[in-house]
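Going by the order they are written in, the chains are A, B, C and D; count residues from 1 in each one.
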Amino acid sequence: MTLFLEQLLNGLQFGVMLFLLAAGLTLIFGIMGVINLAHGSIYMVGAYAGTWVAMQTGSFFLGIPAALAAAALVGAAIEFLIVRRLYKRDHLDQVLATFALILIFNQVVTLLFGRQPLFVSIPPLLDGSVQLLPGLPYPVYRLAIIVVGLLIAVGLYLLINKTRIGMLVRAGSTNREMVRALGVDVRVLYTIVFGLGALLAGLAGMMAGPILAVQVGMGEQILITTFVVVVIGGVGSIRGAFVASLLLGVVDTMLRAYLPSMLRHVMVGPEADALGAGIASMGIYLLMALVLLIRPKGLFASNF
Amino acid sequence: MLRRTFLALAASAMAAFPALAQDPVKIGLITTLSGPGGYIGQDIRDAFQLAIDMEGGKLGGVPVDVKVEDDALKPGQGKQIAEKMLSNDGVKLFTGIVFSNVAGATVPDIVDAGAFYISPNAAPSNMAGKECNENYFVVSWQNDSLHESAGQLAQNLGYKTAFVLAPNYQAGKDAITGFKRYFKGEIVGETYTSLDQTDFAAEMAQIRAAKPEVVFQFHPGGLGIAFLRQYEQAGLLSTVPMVLAEPSMDAVTLKAIGDAAVGLNISSHWNADFDNAANKNFMEAWMKAYNRMPTYYASQSYDTALAIASALKATGGNMDDADAFRDAMRKADFESVRGKFKFGVNQHPIQDWYHLKVEKGEDGKPVIKTVGDVFKDHGDAYADQCKM
Amino acid sequence: MDNSIKKQILLAVVAVLLLALPFIASATGYPAMTSLATRALIYGIAAASLNLVLGYGGMVSFGHAAFFGLGGYVVGILYQHYTQDDLFLGLVPGTNQLLVTLPVTLIVCGAAAALIGALSLRTGGVQFIMITLAFAQMLFFLFVSLKTYGGDDGLIIRRTNELFGLKMRDKQTYYYVCLAITAVFFFLLWRLVNSRFGNVLTGLRQNARRMAALGLPAYRYKLVAFIISGMGAGLAGCLMANFLRFASPDMVHWTKSGELMVMVVLGGVGTLFGPLIGAAAYIVLESVLASWTEYWQLGLGFILLFVVLYTNGGIEALFGRLLGRRV
Amino acid sequence: MSGPILSVRGLVKRFGGLVATDGVTIDVRPDEIHALIGPNGAGKTTLISQLVGELRHDAGTIELEGRDIGALPTARRIGLGLGRTFQITCLLPEYTVLDNVATGVQVRQGHSFRFWGNVRGETALRETALSFLETIGLAGRADEQVANLSHGEQKQLELAVALATEPRLLLLDEPMAGLGHSESRQMVALLMALKTKVSMLLVEHDMDAVFALADRISVLVYGRVIATGTADEIRDNADVRAAYLGEGDELC
């Protein structure tokens, strides 16, 4: 039972990481109608910038503002220089232009930081494990990620539902013309949203630093999963992204944890393990296909 | 008429040119420089170049011209580069490939064209057995040996139960097969992770629940870094020891993991602290040239360059006589940085394997120390299938 | 009329150049050009197939590598069973005859496209992009975990499939085989896009609502286009596996789908020969940049960005005056 | 006298709390032009969308020549003899005028799974299409790109394309909207001439045109039909006057 709880927490933690990325992506999707493949690259930029500063200063907490600033700046620059030209284009052009950005970012990061992965330790404050229940130790750092992720989710909820910017964002994701009619400079709104999305991606990158390897290509690995989240949740819906992130995090973790042993009841050991792992990797894609077949616009589709 | 004479003259002039000054031997180095595996290709390229620089632009007294190209971990790309070098540039000697799938697509073309491929790393099992080729040499190891030695190491250390993990792909499955071939204890858990997986929390929980005496895991590159860090963060490192094959713990991985690596057991065929003249020579030159710890990939590539140098020296750099070059290669007449070295019948290495351990060094940073033997004169299981 | 004469002359010149290419290649001392051209032709078929749904039909498929890879694996799997002299799934014997593997590829890829298309076409827009990607990823992980067929390392096809006793191993011979198949393929495609079927397909991209108001049941036409497109990509995969003598999950990876899209856009969306030009440009660019600098992807990225942002319609648009008609 | 060609009974459409179509009942008889008028926001276009199947109604029935078509997708309804024009022209922008009509003829002829012959070389198809253009008076512009047409010509082309599907009932969504005075008169003449061939449900704001064309008129206000009758009956209806009071001269 404690094992199950631990896996549930793991799923939750993976889910909130996905949410940080998916929130920005879904907003950019929903409001500007842009498919941004370079979102993963912003995550990488955040991870590199934050980790590099943390390595130079020896302080993880100094790395955080660096990661946020770098990601937001790069995000705003991408919006200003490239994405702005893509609003009126079709999805195909957007996919390709941002695909090109992935190539460029990967090489620039290689040029700046070299090919060796970077490394940052968990800050002493968050190191070690705590006993949540008897027999259920859990790393403090992962708990911290869950807490930060949930706080951000709450913050986004308040931002979207209680502020003027949030009102515009909501209006923008259902009816772009309406925002223009309100006399708002849409371009500024777009840059703000893009920067906000980049900020969250950078934060995710920084938080991933001590757990994962900070290396070239880390963005693409998580990018596709994030897109799956966005599509399952319904393009443009923060709430959908939140639900889908947690759903995907938990489903993915549970499949990996329990499918092989379940299959072992019906077939031989090693084959069950390999097949189970194979199906588990496909799991999120199967889930997406299923959701889309039942609800072609995703779980929480805004009606546009 | 006049035109034809001119062309003929020009052609003979071109042909005559190499006779005046020895044309450098062209070596095609196809390797992976982009993406997460890029650092491996970089070490392979740098070590090969180091051997050449140490001889002043020559190998075995013969001037060489190395052409480096990035295969981007795409089999098709590797093949295309080989093709181009073979037919456009007349390259007859190749090396450098990091990954098995690129090698699988590229090497058959090279050897079929009568050129040589000397592998500094990848050595898939089919090419060690049935598909072995007289123009194909492997200086590194056969893939399985890495994990067989890890299995033997776990056996030597007296563990009775093991939990094994590897990514769900061919090399991962080979790793677990190799490990189980020599580990005689009980496997209490066998888990295949996904190749695009970065979070291993679920696996950590499974390991804790299974309570094994030892964990064996094979996760190359960034996967391994993530795995080891999370292993430590989950508090497992202090309770369950781990045995690794060298791809999961090279110098770069160690640097990325830091203190979390202390106490790990590694099986390897080379280590930076080896006490032989060739290795000291290599280490000194490397640190001077690049000022970073070399990975074992670098050592293999350096050995590859030395092996090529020995053959070039014996043949005087004449690549037109393939038989002579092959005979010279087979002798393996060079001082390997790993000490003893010879080729088996399938032209894969027969060599010793060692037990390494990560310890805290004098400056407080973790270092990999050689602490004992695992295998003596270990070849591979596929040599019997090779009919040459 | 002037345009069509120019067009015919241009086509004739290109045809002669393509026929003479292996000779030019060996005469100028770049024999590898023949292989480069073979790759360009094969990718041209794949890109043109993608273009049928993407450019003509307006369906942005991000999963066409699935069919490309599947085509490759058909060749690889049949070859493996041929050499091992056993049966696939205990039912189907292996073979090394191109005249068998090619039709099998078309059937398998057509069936796969029918299944994937039937499900994916229930959605549209971004969801369609992502669901096609999802199916390709599933196939990718399937091949990665298939140990029997090489898993991640891929399947080595020691000898190219046989065809009429030709020396298929010979690069020039294989080039001409591919050239002939490419010619036939583009001829068929040309007939197709100008047929009644092509007419409604293009109409659907321009204005789906109008086509519905004409009484056109769109789904079945889109599906058939998707199936044909999948078969074309499979054909290319079959040829590629024979050319590389290798099939690997790399062929199914999502970046391969991306590359195919790049080729289409580079050459010109919704044009007949654009994808072929785009494929050639991409292959040459990749090869030239890679031999030039190890940071070649940087250059490729910038070129791609430039093409997308500033050349509305790709390379084909630059020849637009010669070929006319496209807006 | 045979039954109505189109028979709508008690049609209801709700958007959340808003009732856009509130129990609409309308008949269109053979060889009749039945006009549907009403102030802006009365739900005229919503009604058309339900008739062609772009929107699903929540209650009621739609029968075409006695057959219930309420559950069929748009394409099937068109196939059964429904035709429509769009308020804002909805054409194939990359095709020529002739191609637009020819595509309509082609779809009307049945399935388009013909992969071989060049569709632009099919003379029978082209000639049929051209005859529709002649009916409309656009034959001289046959090879023009749609994008180069004037607004009035695009409206005419809309009609030609709709006729190419050989409908028995034509739903016309504001065919006069945006037309100049002489263009409007031309359109009125055109529709008048077509009246013997096809029945029409005409949604229109231009009252001159409506009174010139319509055999009967229904008035839609807030989703409800408040009156149906001949032109004179409607002119004298008190409710209609009330509904239109203060509406003034509105644009589309």
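Going forward, a contact is a pair of C-beta atoms (placed from the backbone, for glycine too) under 8 Å apart; a residue touches a chain by one contact, two chains touch by 3 or more.
From a predicted model like this one, the values you see are computed outputs, not experimental measurements.
Hopping across touching chains, the smallest step count from subunit A to subunit B is 1.
Closest to the middle of the protein, by Cα centroid, lies chain C. Taking the mean Cα position of each chain as its centre, D sits at the greatest distance from subunit C. A separation of 35 Å divides the Cα centre of subunit B from that of subunit C.
The centroid of the Cα atoms in subunit A and the matching centroid in subunit D are 49 Å apart.
Separating the centre of subunit B from that of subunit D, both taken as means of CA atoms, is a distance of 74 Å.
Averaged C-alpha coordinates put the centre of subunit C at 44 Å from the centre of subunit D.
Residues of subunit A in contact with at least two other chains: 106-107, 110, 224, 274, 277-278, 281. The set of subunit D residues touching two or more other chains is empty. Multi-chain contact residues, meaning those touching two or more other chains, occur in subunit B at positions 33-34, 168, 173, 192, 194-195. By the document's touch criterion, interfaces exist between A-B, A-C, B-C, C-D.
Put simply, subunit B touches subunit C in their complex at residues 33-34, 68-70, 72-77, 79-81, 83-84, 86-88, 100-101, 104-105, 108-109, 124, 126, 131, 168-173, 192, 194-195. Those residues of subunit C that touch subunit D in the shared complex are 191-192, 194-200, 202-203, 206-207, 209-218, 221, 224, 327. Those residues of subunit C whose C-beta lies close enough to touch subunit B in the complex are 29-32, 35-36, 39, 141, 144-145, 147, 150-154, 156, 158, 240, 244-246, 248, 250, 286-287, 290-291, 294, 296-297.
On the subunit A side of its complex with subunit C, the touching residues are 29, 35, 82, 85, 90-93, 95-97, 99-104, 106-108, 110-111, 224, 227-228, 231, 235, 274-275, 277-278, 281-282, 285-286, 288-289, 292-293, 296-298. Those residues of subunit B whose C-beta lies close enough to touch subunit A in the complex are 33-36, 38-39, 42, 168, 173, 176, 190-199, 201-203, 205-206, 208-209, 221-223, 225-226, 229-230, 233-235, 252, 255-259, 292.
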